[in-house]
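Which chain is which? They are A, B and C, in the order written, and residues in each are numbered from 1.
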Amino acid sequence: MKRFALIVSVFSLLACFSVAPLWAAENVKIGAAFALSGSIAVYGEGFKKCVDLAVEEINAKGGINGKKIEIVYEDNKSNPKDCVSAVRKLITVDKVPVLFGPAGSSNFMAAAPVAQESKVVMLSAQGTAEKLTQAGPFIFRIIPSNSKQGQRLAKLAFELGYRQLPVMYINNDWGLDLKDGFVTSFKKMGGVVTDIIPFDEKKTDYRTELLRANKDNPKAIVNLTYINEGAVQFKQAFEMGVKTQWLCGSAARAPKMVELAGKAAEGVMGTYPSVIQDTKEYKTFKAAYQKKYGDDKIPIFGDYNYDMVYLTTRAIEKGGYTAEGIRAALPAAAKGYKGVTGDKTFDENRGMEHADIGIWIVKGGKIEDHKK
Amino acid sequence: MDSLPYYLQTVVNGILAGCIYALFAMGLTLIYGVLNFVNFAHGELIMWGAYFLYLAMAEPFALPLYAAVPLALGMTALLGAAMDFALFKPLRKANRLTLLIAAIGLSFFLRNAAQLFWGAQVRTYGFEIRQGYRWLGVSLTPQQLAIIAISLICICGVYLLFFKSRMGKSMRALADNLDLARISGIHTGKVILSAWIISSLLAGVGGILMALDTNLNPEMGVVNLIKAFAATLIGGVGNLWGALIGGLIIGLAENIAVLFISPGYKDAVAFVIMVIILLARPYVVTDKRTD
Amino acid sequence: MDLVLHLAIVVAIYSIFALSLNIEVGYTGLFNFGHVAFFAIGAYVSALLSLQDATFSLALIAGIACAGVGGLLIGLPALKLQGDYFGIATLGFAEIVRMLLQNQVAWTKGPMGLPGIPRPEIFSWHFDTLPAYLLLTLGAAVLTFLVIGFLTLSPFGRVLKAIRDDETAAAVLGKNPFAYKMEAFVIGSAFAGLAGVLWAHFITFISPGDFTLTETILVLLIVVLGGKGTLWGPVVGAAVLIFFQESVRFLRLPPEWSGILGPLQQMIFGLLLVILMIFRPEGLIREKGKETIDRD
């Protein structure tokens, strides 16, 4: 028994010491707590690609004041608890002054208090829940919030002639938020919400929820869902013979969703914070992405992540490589800055001032902008 | 106001789920009856059965269905036999709680092994999605019909085995009284092995059918174990017909319950039923040999 | 340095959790597979109160009390069951508690969890640095150790062991097994609640997914590995296992490995449990008087 205890202690000590001091002397380190495994890894992998692209470009032009940017990636395993751990680790072990936060409003909001408490800047390129930045002045987001989306979705439903419909939504901060926004707007316009059905993430069987939503054969169903969940739902709805117009939010607008759902995704529509793809900036970005990765299917929110890197770079250049410096410099760095996703000026809640909401539709297996 | 097809569809969904649960429960109650312990790793046999098929059909094997299924089932039976040989046989005479903890540890091991190989995300067999046939407003896809048919075939098979064959008779003898059976010349080792093989096959078939319906993920064993156990309790320990009926009841109960309560509680229904039965009949459930 | 403090705090919290389970499993022979439910109740009650700006002292007491009451409510029906049926019933109860936490979104924010739980403040001492928090948890752990030590070395503890070894004999000798089992269960639940409170205020974010069967297996492994029915067993078990589990979190590994490391660790835990049961069910620290009887 004594020997066993000795072996265990030696192993543990070895484990402790492998947290070797990092020799990366002169690099500008930025943390990134992305979902690299687990159910929303599909988002995280896309972000990483676009972040890497931006970093490559900036480093090729000399980096920040001559120093190269290095992104320290930490896997958040697609669940809020590991997001907290990942962010904590980046702050305490890697000691980064700024980091890119996880996808998923709930995941982000779980970790935000940690960053705020340690006074480290954390940015979100895809969290659209209204209260995302409420943790404090060190938390920023560079994508418009859900409030405008809810209104636009309600308006879309009305434009298409639907006055009564049920609402399904994913049971997390994003879904809850968008559901509230939609329901409020829809009711104000005179619409009737016949049923409100929350559903859990990561399930493999949504037939119960679908059956309930389809109870009175509604002509349209609002489904505020993510990529994997949406794919399962559309497939199962197809098998069940559900014939309806699906109206979604921004989170399902992904080539991956269409790939997983196949023909069951045909005709699905939704809203999203739109990005005018005709600008010079966007076209350059798209070409660079194509050159590096061989296809031009920009991953969902990848464009926002790309902008996030550039914005952070500008803030570091202006305010210095400290958390307080970056925090103070961000609003100025962003004012009037035109990234590939448009004007990045912050509003007083450290969210986006400008928001355009577009409509997407799945046609012929592809996601397109819906032209009226 | 609620339409008839709505309720009918619920009942059909319940029967569909119930058939699969019946297979799970029958496998579980068989081991329970013959060896007098709850195989907590039964859920993982279910899960691995499903994943073995996935493995057989994916690269680099890419076997066609008629070859992949027997292979997958064979591997599941092997896994079950191995579980007994490596773990439960050495502990045959141990304290019941030691057995339970060992089984829980094994289940944990197997669950994470699956996650290691295939990751935590959902996988699918990739069969083409098809619209269901519609009768009276109720929809059933061809795959779902196949599930019901295959379940019925398995149930008949088990009936024939258990009540019409000599092996079945030996198993029933062991279930009744292990030592007496041994003395009367029955090859207990062979019979126990056969019980494991059948239990594993039932688990494997059930797992494959379930994965066919709702795709694969490493956690699919745990929740189904509890449902299988609840079904076993309804029917009475060691009672195969009871397990069948129990499975159907659980399937129907959980689908009908979510007409009234939030769908998030669907899995809780089986838990609640299990707890209620355990509490309501505490003496009846222990009428098997206790030590 | 931060790593060592972090590890020490988690070891302290899990020592409390394991000591609380040991009273039930090791001393009274109650195999509680749902122990994590009381950890969860302690965590959630205190977190919810703290987020409503209640003082930490109030949150702490409420957390412990609710966990204890939970033990009372669950124990009343469940303790009528024997052996492994009790285990399965408690497992069922724990899952039901978790599903309640997950689905009653209006009360508990469900799967979104409770972020930003404030660090404790007692009589204007802020425990918001790691060393301070370590002091707090060590203090709690020592207190738990002393209380449980006192209880188990007293006549009360001897009756518990008697009930574990032969309930009928204990009953014949005039002790009411049900009452004793209930007391042990409630005490165990209350201390689990204490561990939960400390956990919630340390991690600052909890969600129903933190309180699953996996956590029960971990604490069970700690108790069984360390040596059930002993005082130091749970502490040793906690130190060994938590070191292994948490230190790996801080390794500088390529991110692609993290998908493999997690399941691998858990596999080792499962295997450890199995090997222990076959070869050394009494654990690292053997109980006094049990050296010769290790299979019953």
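Observations, loosely collected:
By our rule, contacts are C-beta pairs under 8 Å (C-beta built on N, C-alpha and C of every residue); 3 or more make two chains touch, one makes a residue touch a chain.
Bear in mind the structure is a predicted one, so any value in this text is a computation, not a measurement.
Considering every other chain in turn, the ones in contact with both subunit A and subunit C prove to be B. Compared with subunit B, the chain whose C-alpha mean position is the greatest distance off is A.
One inter-chain figure worth recording: subunit A and subunit C are separated by 36 Å, centre to centre, where each centre is the mean of the chain's CA atoms. With each centre defined as the average position of its C-alpha atoms, the distance from subunit B to subunit C rounds to 31 Å. Mean C-alpha position of subunit A lies 39 Å from that of subunit B. Each of residues 37-38, 171, 198, 200 in subunit A touches at least two other chains. Shown for subunit C are the residues that touch two or more other chains, namely 102, 259, 262. Looking at subunit B, residues 119, 262, 264 sit in touch with two or more other chains.
Residues of subunit C that touch subunit B in their complex: 31, 33, 77-78, 80-85, 87-89, 91-93, 95-96, 99, 102-103, 213-214, 217, 220-221, 224, 259-260, 262-264, 266-267, 269-274, 276-278, 281, 295-296. Contact residues of subunit C toward subunit A in the complex are 2-4, 102, 105, 110-113, 115-116, 128, 203-205, 207, 209-210, 240, 243-244, 247-252, 255-256, 258-259, 262, 284. Interface of subunit B with subunit C (complex): residues 37-38, 87, 90-91, 93-102, 104-113, 115-116, 119, 222, 226, 229, 262, 264-265, 267-268, 271-272, 274-275, 278-279, 282, 285-286, 290.
Taken together, the subunit B residues at the contact with subunit A in this complex read 2-3, 6, 9-10, 13, 119-122, 129-132, 134, 139, 141, 213-217, 220, 255, 258-259, 262-264, 266. The residues of subunit A lying in touch with subunit C in their complex are 1, 4-5, 8, 11-12, 15-16, 18-20, 22, 36-38, 73-75, 77, 79-81, 84-85, 89, 92-93, 106, 109-114, 117, 135, 171-173, 176, 198, 200-201.
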